[in-house]
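Chain nomenclature is as follows: A, B, C, D, E and F, assigned in order of appearance, with residue numbering initiated at 1 for each chain independently.
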Amino acid sequence: MYVSSEQAGDVGILTLTHPEKRNALSRALIAELMEQMEVLAAARCRALILTAGVGARVWSAGHDINELPHGEDPLLYSDPLEQLLRAVRHFPAPVIAMVSGSVWGGATDLVLSCDIIVGDDSCSFALTPVNLGLPYNTAGTLNFIRRLPLNVAKEMIFTARPIDAAEAESWHILNHRVPTAELQSFTLALANRIATKAPLAVAAIKEQFRMLGDSAPLQPGIFERIQELRHKVYKSRDYVEGISAFKEKRPPRFRGE
Amino acid sequence: MYVSSEQAGDVGILTLTHPEKRNALSRALIAELMEQMEVLAAARCRALILTAGVGARVWSAGHDINELPHGEDPLLYSDPLEQLLRAVRHFPAPVIAMVSGSVWGGATDLVLSCDIIVGDDSCSFALTPVNLGLPYNTAGTLNFIRRLPLNVAKEMIFTARPIDAAEAESWHILNHRVPTAELQSFTLALANRIATKAPLAVAAIKEQFRMLGDSAPLQPGIFERIQELRHKVYKSRDYVEGISAFKEKRPPRFRGE
Amino acid sequence: MYVSSEQAGDVGILTLTHPEKRNALSRALIAELMEQMEVLAAARCRALILTAGVGARVWSAGHDINELPHGEDPLLYSDPLEQLLRAVRHFPAPVIAMVSGSVWGGATDLVLSCDIIVGDDSCSFALTPVNLGLPYNTAGTLNFIRRLPLNVAKEMIFTARPIDAAEAESWHILNHRVPTAELQSFTLALANRIATKAPLAVAAIKEQFRMLGDSAPLQPGIFERIQELRHKVYKSRDYVEGISAFKEKRPPRFRGE
Amino acid sequence: MYVSSEQAGDVGILTLTHPEKRNALSRALIAELMEQMEVLAAARCRALILTAGVGARVWSAGHDINELPHGEDPLLYSDPLEQLLRAVRHFPAPVIAMVSGSVWGGATDLVLSCDIIVGDDSCSFALTPVNLGLPYNTAGTLNFIRRLPLNVAKEMIFTARPIDAAEAESWHILNHRVPTAELQSFTLALANRIATKAPLAVAAIKEQFRMLGDSAPLQPGIFERIQELRHKVYKSRDYVEGISAFKEKRPPRFRGE
Amino acid sequence: MYVSSEQAGDVGILTLTHPEKRNALSRALIAELMEQMEVLAAARCRALILTAGVGARVWSAGHDINELPHGEDPLLYSDPLEQLLRAVRHFPAPVIAMVSGSVWGGATDLVLSCDIIVGDDSCSFALTPVNLGLPYNTAGTLNFIRRLPLNVAKEMIFTARPIDAAEAESWHILNHRVPTAELQSFTLALANRIATKAPLAVAAIKEQFRMLGDSAPLQPGIFERIQELRHKVYKSRDYVEGISAFKEKRPPRFRGE
Amino acid sequence: MYVSSEQAGDVGILTLTHPEKRNALSRALIAELMEQMEVLAAARCRALILTAGVGARVWSAGHDINELPHGEDPLLYSDPLEQLLRAVRHFPAPVIAMVSGSVWGGATDLVLSCDIIVGDDSCSFALTPVNLGLPYNTAGTLNFIRRLPLNVAKEMIFTARPIDAAEAESWHILNHRVPTAELQSFTLALANRIATKAPLAVAAIKEQFRMLGDSAPLQPGIFERIQELRHKVYKSRDYVEGISAFKEKRPPRFRGE
């Protein structure tokens, strides 16, 4: 069991419960999470809270590095994390991320795919593909462009620096920064407020936000050029080095090859 | 008379003057407003201030609920408020909203369609379609996406919570928050500064902002799916309930049907 | 010599060194700058700092007004400044603007085309086409839309008001505002951090940001209408007046013709 | 039973078998057809033939007029015929229409949604929304634009004239016109040839044709204007007159109201 | 008087009547034509025939060369011919070109902008910008792409060769080729048939064809590059040579400069 | 030497001269071809003829199967044939394919990328990716959609059937079908006619055709789904089988896996 699910009135709460692996987004954890989301959607939940619990040290470590493929596109459309991100955006009610602790890599993507984010002072967010030499994909890049000031998105992704709660607030990653002691009650109150609103209207508006957010049309030739660039990255020696260094817990030495 | 118009040098000032109906955006008020805008455009006004007066308790209550249709799309392209929003964006000079008091529903759309917003400490902004079960439309959703951080736009619209002046400042709804006593002089100075600039260049740049802001192309099939979603909303029992509850001044009970 | 270039490890530093002309972006200066950028790209520089030196009074005065054409489109695709803006966006590593002093007109475009901006308390930014009656172009307008809150972009461009360091920080123009004494060390540390990351991944992600940022497709008919609007502006008497007034150091008198 | 299904090797054959109602595309017939398509898709059929039998006098009469709604959009995304057209385009193998006899209204849409069309000398095709005053939709109009020379599509739709086999051949509606006696064997040979090809490659290419064929992105404001135009049509007296005249088998009298 | 107008029942007929100037599309002729179109639209005409009369030797010679500007974009959005082409596409009923005789340059654009074309054996069509060195524009190029097989459009435009009636039929320029003696009656019958159909539905469908036909969105940067290319053409010596040669009735000598 | 080049006045002629390998589009042949194209472009050639000589039995066999990669995307942006197709479309003057004999696979792409095609009675065209299980790409599919009636493109690609000269004429693949004895003189006359036209205007128009032809924008998520579909194809056993069967000159047995 990697995830626990509960329903409080019209509000669903999904909690990541695998701290021994720092809630890494393994296939197994993602499968369980998506299954529980379907249960809550079927129960006509009107708001969903996604959390790792108040006071967690690590919200989630992100992608399970052991599951990344070698010499292949690690971010295919069918990749479990990509499926999860789409499931969050397609969930028929608002999804609120409630965050204590650090959020890493793909888990930051997950949190940024939620509709609303509430964090306490311990929360932090890092985007880390350049630590691994991972060829980040276009749908993911678009997610950042829609969600963050452009220069901030670039700084986060080019430096892989964790952003603390104060910065996250001033850069609008957080909707609200609240004391840890109030995190749960504040978030529940927000979710309960949404749950009193007209759910069909909420769902139709969320879907319009999604469709418009996904609108960044590119000509096929442009896209095929991007795929080639990404192909070079996941075939590079640097990608191998990035993964190895991570596993050996040493700094990588990248050579641009 | 719902609107008073005056011209101070190259600056036009339009004031909503119907406090007994909380400046609700009725067909009659909108018609008068658009007529005055045409007069000021013809007079080659170089900046336009749109206000309900300094110290107003309510800037505007938004859509006149009594004029919303039943069981039909309430936000058709030809809806008077939709026409007004387009008129503001097409006005050939910058439009500055000067705001004291609370702004509700469609009036928040109106203010956010202005080029620049200046408010005092009393101003607040609420987006309320989910209180009524109103099937918000795509052009309107796009307006928010262009204007606000995405998660903030979602929180405003999913909670229908009024945003106070301090939040409105930190979330960039306001260009400037100034003391009530200085609201008028500050806004006039801003408008007068713009009025000294090259008006053809200003108009051409405003038009380019508009065209680019409207660019979020969607495939026809996607759009037809959205129309169907919206159709379900305005045919729903919840929409009837939302309107009734509003008129009866009681909280609605939505059932998602 | 208008530009000095140095390389510190994997980080390149380009410094504008023409204070007698307030680092105006003349053809000559731009040619030198682009040449040095190519050298640093060939040297596989992993981050680039663009600066006018710590403590400069003017970072750059922008376009060299004497080089603007009369009665012709002054912002053609092949214009040297337009070429420079594209070169910055296509540079295969992140470009960081390090800013002391005031930044004017086209130089603000240049700084906003950099990936990250760090400034001290003396920095300020002004967008000035409406002082000249210059028909700003669509690619440039798009650059602002992508980079700044929409209402802020409009205020900057419609008022031509210089934005000081504090405002620039709160409106996310700056990634970081640091004391002048720390400007250099802070920026170098940031650049050096980026230089340790996987360079192919960094370059592929930067390119995806660029492609997505450029995505605002318009139908040909819309664009041809915009070109006509701009044509009217650069054929106008006001454009002649704007240029003359600037050269004669007097306020322009615009008549909208 | 409105449809019979058979499978010959890797080729599926679906035959409309309701001549007493001229194979009108009623909800019941469509439901059966879509069910059989799913069965054949699950059986990994490599080509599908859709026919009303060799020698049929009427291939299909199109929409069942009795099922069209009054005063509502008759071509919503969820309309059964719209669902069927999408099912044909999404079918994971090529769909070949084999046509004897006349094809009317929505049935012509259906045939034109097939990948390949083979007809004999008796076949004819008419597009008839203007006989009813039906507000044809954008996805359907796009289908014609992709499939026919533009002026021909317009003539067909503005005149509602049946196009005979010779014209259908010269305007590329038909891939092949063959004698009635050879219609079945010719079409089967074509389907069997396709069935020997690499099915994953065929399916991936069909999907790319579909995605590209659906690409005609429109700005939301444009689409909302089109919806309003269509709204006026389905609320018009002419639409009522068109339906009545059809049922009473008399020519309609349209007044443009 | 350059144009005669008549109305036969619900069908309008506009005839070019300036054979001494070969019906060249001068400002004066275009103004008259557009004025008559407005009259017929106001009279709620349900189909419009545009002709130069049965048996004309020249349908129209195209642009009036004497009115083309020097060293400026000759195809601005506001150019009278561009306005006429848009008026034809926006006319609220189908426009049928009825053609005897040769059609040249911009007049071929005009005919191809009509919804349906009927010609007799004497008709021919030439696209001639490369005879003049005229920088053809994107909206016009799009018109050809939508209307003609791509390779045929290119051959017509790169060779400037007149296409005779037989070729025009086989390449789908013509909807119908009919004997001269039947041209009028055939075309009138076609127009009258359209005039019996539901006019609101016809108009809404025509508008959807137009919107979809105009959909070929380009990124602003691409468009600005195209404008630069065109700018080089209309500033070239070859453009001057093309115009001079035409006026002097001698073959031009182009040098690619 | 795989290619011979000659220049006749302003017309360049490139002839494939490697019949022993049926002019297969190997890296070596493509490199030579592109080199010669650059020479002719530099010589300011105003029209280019691409041929395998009059009377050739095989114009070209297409991709050199021995050079296709295993288990990798065989149609990356940087693939030599993809580069060649782009070079033809970017060539600054019209390219005319002059065709005797059969054209296979990627060579049909090449011919269809030319601006104009002239063939004799011996010419034929086949599109063969489904014989190999090759995951055809989006830019290529778009090329067919722009160039051929949609149902014809689908039949060609789903059946891999060679289309003979008569069909190629009626389906507008050919601009002209001429007797073998006149093929050379006819094509030269056509090229020479183009060479007398204004070359800057011709080049600017060709570029506009290209930009508009490339316009089929897709959202990033759609494209990433297509890439996944294609990925499954080039990783499939069927792709291995297709290549093996081709080399062993036996029919493939595809299993859809």
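Simple rule for what comes next: a contact is a pair of C-beta atoms (placed from the backbone, for glycine too) under 8 Å apart; a residue touches a chain by one contact, two chains touch by 3 or more.
Going by UniProt, the chains are A, B, C, D, E, F = Methylmalonyl-CoA decarboxylase.
All of these numbers come straight from a predicted model, not from anything done at the bench.
Note on connectivity: the fewest chain-to-chain touch steps from chain B to chain F number 2.
Interface comparison, D-E against B-D: more C-beta pairs in contact at D-E.
Centroid distances built from C-alpha atoms place F farthest away from chain B.
Most remote chain with respect to chain A, judged by CA-atom centres, is E.
Comparing each option in B-D, C-E or A-B with D-F by residue number, the pair that reproduces over half of the contacts is A-B. Of all residue numbers seen at the chain A-chain B contact, under half occur in both copies; the interface is built from largely non-matching residues.
Mean C-alpha position of chain B lies 33 Å from that of chain C.
Remark: chain A and chain F have CA centroids separated by 44 Å (rounded to whole angstrom). Multi-chain contact residues of chain F (touching two or more other chains) are listed as 137-138, 142, 212, 215-218, 220. Within the complex formed with chain B, the chain D residues making contact are 73, 76-78, 137-139, 142, 214-221, 223-225, 227-228, 231. Residues of chain D touching chain E in their complex: 129-138, 141-142, 145, 149-155, 157-161, 171, 216-218, 222, 226, 229-230, 232-233, 236, 238-239, 242, 251-252, 254, 256-257. Residue ranges of chain A in contact with chain B, taken from their complex: 44, 46, 94, 115-117, 146-147, 172-173, 175, 190, 193-194, 196-209, 211-213, 215, 217.
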